[in-house]
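Two complexes come next, and they have one chain in common, chain A, joined by chain B in the first and chain C in the second.
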Partner chain A sequence: MSGFVRRRLLWGSLLLAATLAVISAYARWAGATTREAYLSGWVLFGLMVLLTGYNWFKKIPYLPLGRSEVWLQFHIYAGLFTGVLFLLHVRGRWPTGWFEIVLTVLYVLVMVSGVLGILISRGWPKRLTARGGEVPFERIPIVRRQLREQAEALALNSVAEARSATIAEFHARRLHAFFAGPQNFLSHVFEIRLPLNALLNELGDLNRFLNEQERKVTAQLVTLVRQKDGLDYQHALQLTLRLWLFIHIPVTYSLMLCALAHIVLVYGFSAGVR
Partner chain B sequence: MKDQLPSPDFDRSRYDRPNQDWECGWTCDGCPCRIGPSPSGTCRATAECRPVLEKKDGEDKGRWRCTRSKEHGGPCTNGPLPSGGCACPIPTCQPRRSLRNQRGRLCVAVTAVTLALLLVGFFGPWQWRFISAGPVSSNHHGVVFAQMKHSWPGSDGCGACHTAAHGDLHEWMRAAFRARPGPFEPHRLLTVTAGMTELDNHCLSCHPGHRFHQPNVTRDHSCSACHREHQGSGRMPPPADTQCLSCHGNGTVMEASRKAGEKLPPAAFDYRQVAGRQHFQVPRPERGYTRVFKSFDTDHPEFQLHAQKLTDTNSLRFNHSLHLSSLVQRNGQPLACADCHQPAAAGAHFQAITFAKHCQSCHALQFDARNPQLRVPHGDPVGVRAFLRSLPTQYADLARRSGVTAQADTEKFVAEEMRLLRERAFSGENLEQQIFFASDPSKQLTVGASPGNASPRARFAGCAYCHDVKPGGADGLPHIARVFTPDRWLIRGEFNHAKHTIVNCAQCHDAASSRRTEDILLPNKQSCTECHSPAGGVSQTCATCHSYHTVHGSQPQTKR
Partner chain C sequence: MDTAHFVIDKPERWDSSFDPDMTEADVNRLLEIRPFSEMNSGKFSKRTPLRGILKNDARIRRFKNGEIIVRAGDYGSSAFLVLAGNARVVLDPGLPVSLLGQRKSQHKSLFQIVAQLWTNPRDPEVRTPAELEQDTGVKVGGEFKGVFLQDVPRILDEHLTATMSPGDFFGEIAALSRSARTSTIFAVGDATEMLEIRWQGLRDLLRFDDHLRHHIDRIYRERTLATHLREIPIFRRLNDEQLKRVIEQTQFGTYGDYDWSGDYKRLVKEGTRSPEKETIIAQEGDYPNGVVLIRSGFARLSQKFGHGHRTLNYLSAGSQFGLREIAHNWAHKDTVPFQHSLRVIGYTHVIVVPAPVMEEIVLPTVPRDQLPEFFTPAELAGTEQSESQQKLDAGAKIGPELMEFLTENRYFNGTSTMVIDMERCTRCDDCVRACASANEGNPRFLRHGQTTGRIMVANSCMHCADPVCLIGCPTGAIHRGQTGGEVVVNQATCIGCSICSNNCPYEAIRMVEIREEDGAFMVDKDMKPIVKATKCDLCSDQLGGPACERSCPHGALKRMDMNNLDSFAKWLQR
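The block that comes next holds the complex of A and B.
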């Protein structure tokens, strides 16, 4: 059994045990003399504070708070556990008050973005490896510039070597914009190859009007186009792997603020009743 | 395209720092400078190197040497300027924020916007609507509440229940820390009881007394524990079983209630009648209603009617079996339950059984077979006596209604009928006695009518055939026991017939075999649990049948 499977089994079992424990405890406490909504609320809030703290723990590595890898696992499984607590806390019903709706929507946003984030964090690196052409995200603009310069050089040289401006014109009309920056973001995210195939088809169609010398240049351009497309693929997926945090983290802070306000309101207006 | 792309060539020795707040503005163009922006985000680019002056021995001026590292291309071909400056200046840029920095700024912005929106929501014009946990139930809104809510603080009358609505944020915080259990008393969340709270005390300002359950309740139960508001604009959801079982499932509480009940006068437990309803009086069990149980289908006590083997004390003699047999017919068909038991307007219960509506059509009280139009009046012995003493007038009136107009013919008719009557009853007093006391239907009718009569109406044997008639009333009249036909048998539970129309009457009520009035034809608990149980699949919650707010005692109880 690999370490990954063992780790997943361990945390999954913990999550299952905690879920069963809290549901059975809730069924017992939901009776008579306990404030089960307060209990679930405080546990949920405490857990959310810990989950929010994960972002801060990483910023203070000099404190002996354990390995970040363990914290990440805790963050994932405790985050899923908050879903159970949340459902118990709201008694499985959609809220009817405005503020409570805001609170619920914020929680759902954090939860959904977190689940999507972990799904793409686990799945997309495999996609990136399978496609190849891996390059650090920060180096993508540099590699893109190199490809652009190579394409421009090929197009310019073809004019002198082949005594024809066909490729240069095609470059100016079609390839220049393609090499200028990241392209086809959504197509890459959803694994759609239509834009690349369309461009390659255009290059293929161009071959009918080219001489032998120019066809060699076109073949090199096709290689560059494929490399650029692979680079765009890396860019799209790696950017998305970073962008989901642009929803998850800010909305988390918003949620925590609203949760604090919710606690004040609950205690202030319910006077401790259930 | 299944083939894997090769990784492009790039300098792997260089290490970018994505955690830094700023990056070179030329990065997006693919040619960031090697110096990079300052931590504050200003461009620090000057030149690609800082030439150094090399002087050989004996030289005065020396020679400027390019110091560009090999990593960045090595010394440039042009070399430094004569002034010692670098000949390869780096164009300045506008540094841009890194993704991480942008995310941080977004966090701050979102937090600030949230805070602002919360302030607007909490203290803006829609303050109470925003704060409210949802619309209140229909029990707490309507015309009356709309008129009253303006007298309470908070635009939507929140102050009627919530003290915090009487003030600002400061008051909210004070109320929060005044709450029991408070925000810093998590240990009390597990042990706190369902006692009255500040919010519950507000309930009592409109629902005073908290005296709507059994008088031997040892502690006031929190209103809000059972009645959860702000769950929607419909009716308030029924309380959960757990609330009832917090006492009825707790042996200690039930024992305390039993002891408390022993100290109270029996009258305190009388079920206060609802006007217009006839309730079957059920004697209170010796231990009261303090048996501990967990659910209806398992250990809920048997209905008292069956547990105590109670009987119907109605003085009216009625044989269900006879009426449902083929001996009694209506329009050629045997009677059905619905011929007499007709649903009331709401369908939950049945209309009261009355002589005029349900009996008279068959039991017409015809005492003279020759003149079936004449009927003994029902309901009052005085009226019966007056009728019998006015029989000549009644016959004369009958004659006129039958078309006899001549005075002589009328007198002749009256004389003839009176003569025949005397032949059978001998005297007026004897006739009255027979009318009141005769009860044997197998004998000849009191006066005249025979079983072979063509009339489909039931024979009139005498008042005592149905009623409990005893001599000794005022003015020599008999005493006829008052008929008491309850229209509610289960006074501690509510049964809605309209919700049970899929079940035949006979499945629950064994009327076809009941010959005695004393039989109470209500089903027992087992009959109910066939459906109202987890196996039956129909709800068996306490609130399905019971209401906590039952009223007891003829007088309001004194506050415990």
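The block that comes next holds the complex of A and C.
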């Protein structure tokens, strides 16, 4: 059994055991007390504070608090466990009232963004590595500019060398925008090659109007287009790998603020409840 | 066809002499002093005459009272001959590290670690006065920017020392075997004069003059070899008499280029690295005439595969080659040749115990069950692999491509190489941010480097087993830490000469202009910026180990000892 499977089994078993324990305890408390929602609420809130703390943990790496890898595993499985607590807390019913709906929507957003984030964090690095030609994210604009300048130089020089503006016009019409910035974001995310193939087909079709010298230029342009497409692929995936946290974290803090307000409101309007 | 060529003069051996100020008069003076006066200049080659060696590979240095000549723990590339005055060698226990211009290894307290939350400066590369403060017992200065002991009489009172007088020779073992200096030697009085001979000159003197070679061999056999052989299990049962006989017949060999890092950088630029260009120490198929013990440096273990050679492993200091074949031949009537080839990677210093010595003296003392596994006919025919072969074949465990990658890029040198699994790394840069946080806002590595398949070796100090960066540091500012052997730079004694940075084959040391706490650049009296060497120190002052590794949420980054490929293989298959 590989270490990967062993770790998943261990954390999965812990999650299952915690789920079974909390469900059976809740069933017992539900009969004995009317304040079970308070208990589940506080446990849920405490766990959410711990989960939010992972973001702070990452900002103080010099504190000897163990490996981030272990804390992330805890974050994932404890995050899933909050789902169980949340369902018990709301007694499996759909929220009523706009504040409860806001709370629920924020919770679902945090959960969904977290699950999606983990899925892409596990799967997309393999895609990036398999595609090759990796460029550090900060250097992508520099490489893009170099490719754009090379393409422009090829198109401009072809006018003087071949005494024809066919390639230059094609560049102005189709390639200028392609090289100007990141393109086809969603196509890259969903691994769709249609936009690249369409552009390459257009470049291929152009060849029938070109002489031998110009065809050599288009061959070089095809190479640049492929390089730029690879760069856009790196950009799209690396950007998404960074951006999902920009959804997950702000929504988490919004949820925490709303949860605090929820606690204040609950205690403010709970007079007489035993 | 255009036949124009760019023509340059062929580089010569002595294009760059050790000291351009060495005069003929200096050389004449040296030739009248022992051991040079006893050398037969006719034995030297025309290309490297004795006079030429002394003029180009040696220099006369004058040391002031208390100036450290060699420092325990340093990696030096030259030997010294006392010409005039006296020097003292500090006997065990040596001087405290602070007196040697090095940094005391100590962790920050928990409060200091927490305080980093608010004490980390906003500007890069800020140094506080405390960080740049020298120990009161030492001073950096002098002609060669050396380190001076301030209170010599007290040191002489408090430490055991031995006197070195004119004619005494020292530092040759460390220079030739590329090992750390074992003692600190400092000058006593202002009239101490030394002849410093760089390793190239020392090598040629040994090659052409039996007298000096016998002298150094004798010292090496007396001081070092017995201890070294006693550490190897197969020699442990020898009694003193047997060990003496083994030592007498043991041969030494030095292969490759001592300055391999410079050559390696050139080869990388030219893109001409190739195993075929490496010097062969022992060749597959040859008669095994001795057990090769690697004393320092590295060697590539390879086996013929198709029309080329497949790297099985690389051997480092403490490894042996050929024992299995010799033990088999001793116990059987047939003769098994070397099953692998051993090639030099960079620089290798070896000890060879001849086969007859092994058969007559060593192997009879070894119990049968502790002898290496003998070859079976099936293994010799290549139809099955023995357990020994499987153990040796690290290439099969981590994959042949990765094995070649690690060898060709000399990554085997790393004891804490930063390896990143690119199929797990989400490129989040948490590792870079953690490194910066633990180093006052200054990241000490780049998350970028050579890649093969899913493995990237990032540009970070690997804390090499053979730390070429330590060679030539005039103040000993770059040194090994006392706790984990990590290579660290003492900011107080670093003079910003860039020797370490230029020596490092992996470009892991950066020279930076430092700032005061208010953000202004520090300058010297000529208004030139103060420059210091910076590099990864494995977070040696933090609790909990390297922040980069601890901060990776996906377990994609690991500091690996590349001499333990079993744990690397385990990590790859985790």
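Keep in mind that, in the parts below, the second predicted complex is superposed on the first by the 270 of 274 C-alpha atoms of A that agree within 3 Å, B and C clash if a C-alpha of one lies under 4 Å from a C-alpha of the other, contacts with A are read in each partner's own complex, and residues count from 1 in each chain.
The criterion applied here is as follows: a contact is a pair of C-beta atoms (placed from the backbone, for glycine too) under 8 Å apart; a residue touches a chain by one contact, two chains touch by 3 or more.
Quantities reported herein were computed from a predicted structural model and do not represent experimental measurements.
The superposed arrangement places chain B and chain C next to each other on chain A without a clash. Look at A:R193: by the touch rule set out above, it reaches chain B but stays clear of chain C. A count of residues in chain A touched by chain B and by chain C gives the higher number to B. Residue contacts after overlaying the shared chain place A:Y267 against chain B, while chain C stays out of touching range.
When the two structures are aligned on the shared chain, A:W56 is found in touch with neither chain B nor chain C.
After overlaying the two complexes on the shared chain, residue contacts for A:R145 are found with chain B alone; chain C is out of touch.
Once the two complexes are laid over each other on the shared chain, residue contacts for A:P136 go to chain B and to chain C alike. Shared-chain residue A:W42: touches chain B; no touch with chain C. Once the two complexes are overlaid on the shared chain, A:P125 sits against chain C while remaining clear of chain B. By the document's definition of touching, neither partner reaches A:W94: not chain B, not chain C. Of all Cα pairs linking chain B with chain C in the superposition, the shortest spans 5 Å. Chain A residues in contact with chain B (one complex) as well as with chain C (other complex) are 134, 136-137, 242. Those residues of chain A lying in contact with chain B across their complex are 29-35, 38-39, 42, 93, 95-100, 130-139, 141-148, 181, 193, 196, 226-227, 230-231, 242, 245-246, 249-251, 253-254, 257-258, 261, 263-265, 267-274. Chain B makes touch with chain A in their complex at residues 1, 3-10, 16, 18, 23, 27-32, 99, 102-103, 106-107, 109-111, 113-115, 118, 121-122, 126, 129-135, 158, 162-165, 171-173, 175-183, 186, 189-194, 197-200, 222, 224-225, 228, 230-232, 240, 242-243, 245-246, 249-250.
By the touch criterion given at the top, residues 113-114, 116-117, 422-428, 430, 433-434, 437-438, 447-448, 451, 454, 539, 542-544, 547, 549-556, 573-574 of chain C touch chain A in their complex.
Looking at the complex, you find that chain A touches chain C at residues 2-4, 58-69, 71-72, 121-122, 124-126, 128-129, 134, 136-137, 238, 241-242.
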